[in-house]
Amino acid sequence: MAVEAAETALTAIGIFAFALSGALMAVRKDMDVVGMFVLAAITAVGGGALRDLLLGLPPAALRSSWWWILIALATAVVFFFHLAVDRLRRAVLVCDAAGLAVFCTTSTTIAHQVGMGPAESVLIGAIGGCAGGVLRDVLAGEIPSVLRKGTTLYVLPALLGCAIVVAVRSAGYEGVAAMIGASILIIVLRLLSLWRGWQAPSPKASRG
Amino acid sequence: MAVEAAETALTAIGIFAFALSGALMAVRKDMDVVGMFVLAAITAVGGGALRDLLLGLPPAALRSSWWWILIALATAVVFFFHLAVDRLRRAVLVCDAAGLAVFCTTSTTIAHQVGMGPAESVLIGAIGGCAGGVLRDVLAGEIPSVLRKGTTLYVLPALLGCAIVVAVRSAGYEGVAAMIGASILIIVLRLLSLWRGWQAPSPKASRG
Amino acid sequence: MAVEAAETALTAIGIFAFALSGALMAVRKDMDVVGMFVLAAITAVGGGALRDLLLGLPPAALRSSWWWILIALATAVVFFFHLAVDRLRRAVLVCDAAGLAVFCTTSTTIAHQVGMGPAESVLIGAIGGCAGGVLRDVLAGEIPSVLRKGTTLYVLPALLGCAIVVAVRSAGYEGVAAMIGASILIIVLRLLSLWRGWQAPSPKASRG
């Protein structure tokens, strides 16, 4: 009960934070209110939709009407107060980390439940958490930030958290504690990366 | 009978107009005949394919061979006469509005028929009508025009038409008249937007 | 038996070559190791995944764990030796042609087996072979190279090979010989295009 309430709360925070980041990107790219809503929506539900398509499940976003209210709300907030939201960038990043954590761990669990192997479950988990932001950047005409050199860790904490969930589930446990532990780990690693500027390794300079 | 014939005729006009706009975009982007055909196809059938994937249905474009003849024909017309087609821009925009109308209203109806809720049916309807053009712009390396500031209304008339279809269907009517009425409304609003330069609201300047 | 071994070997070569081209593109676009792996993966399995989604099948990449080992290996090779791999560009292109051939012919066969019509099977075949590279270019922020003027034949040999497979299968034969013959044809035409600089026709200059 408390776990479900916590998961719903984290999902709501994640949807809202992801939607904020999509709407802010739309403002930065000189889009109108339609573009803001579309980018907010694709960031918030795109990862889960891709996960569900790959697993052959009906998209969760089409069964969760209240998500769309959060997305519309985030769009409205950014429309009227984007300068203020931009100034709250740190708070948005913390909420985004919470969203990443909950989307990754639930996506991994869903994939493992429908019978995917361990490696595939981890991949699907990372897709559920990270693909929404990738689609946002593609629609905004940018190379996805999580793929670029010079950005802080995002996918690697996600993969690590997903791997822990799968390892615990594979050992025969139900995995609620693992989901909570993995979520906390993802959030902590993500925030540490932001704070300390940790980056993924890059190949040596390609020219020169 | 007459309704079905009208729907088939409007679908054909829509497929052809969407394919023309895709092929023209390819010419503008210095693509070869392969790029022209691919952009024509993705514009014409991409929205419906995404709708079908999200609803778990087999893609309509893979059961409608005559669509591909229209797409090939539109590609050929643009290949040989793109300067002339470019000069007929207004006629293409009118046909595009017809395509938008028929794709939106049929997509909404399909979504509602397979059991989606009202808000979800409206969203799927707008995706069916608008996503093809978004995919065309992404493949052409552009920020999708329907999302950008400074472009005339496109998604909002689509959403309004879809909402009317869902409202009438939810009230228990079969909805053929609603589909026709909503299609006319979409076309009229779209053409008025083009004529009068109506735009969706944008947030106040993000810098300054 | 020998045919299956040959198909597995060609698939492995194709996955590895496609993954190399994705990872090399990531290096050229200043991505980190995460971007390299994501681009390697999307190039290697994106076409097949899109084919499976359109056909309503579970994605092959989620049932083939050893593909992911090849993708990780290709990423590692490019990470440490990308200058050397870049110098082996010709060898990569030959392997890429082998991958194109095997992905096209298997995709067409799968589509035909699940009941698609001839034209639809050819389209799905070309999507299975070519869409991975298109997705790679989109994620890299480039207009897909196979669509652009001035690039050598890629999609047309693919379509021709797929058409041969469908024609032989439609005539009632099992099609193993056709798959082999079509694969060789695709490879030969692709390499001839590279060697002789063959290009697809383009429309006359759009400006001027």
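Letters A, B and C mark the chains in the order given here, with residues in each chain numbered from 1 onward.
Just so we're on the same page, a residue touches a chain if its C-beta (ideal position, glycine included) is under 8 Å from a C-beta of that chain, and two chains touch if they have at least 3 such contacts.
Quick caveat, the model's predicted, so the values are computed rather than measured.
Undergrad: Fit chain A onto chain C over the CA trace and report the rotation angle, somewhere between 0 and 180 degrees, nearest 5.
TA: 120
Undergrad: Where chain B and chain C touch, do the two copies share over half of their residue numbers, giving same, or under half, giving different?
TA: Mostly different residues form this interface, as fewer than half of the numbers used are common to both chains.
Undergrad: What whole-Å value do you get for the distance between chain B and chain C if each is reduced to the mean of its CA atoms?
TA: Centres of chain B and chain C (C-alpha means) sit 30 Å apart.
Undergrad: Going through chain C residue by residue, note those that touch at least 2 other chains and give them in order.
TA: 53, 138, 141
Undergrad: What part of chain B is in contact with chain A in the complex they form?
TA: It is residues 53-54, 56, 116-117, 119-120, 123-124, 134, 138, 141-144, 146-151, 154-156, 199-203, 206 of chain B that touch chain A.
Undergrad: Taking the touch rule as given, give the residues of chain B at its contact with chain C in the complex, in rising order.
TA: Interface residues on the chain B side: 26-36, 38-39, 49, 53, 58-59, 62, 65, 68, 78-80, 82-83, 138-141.
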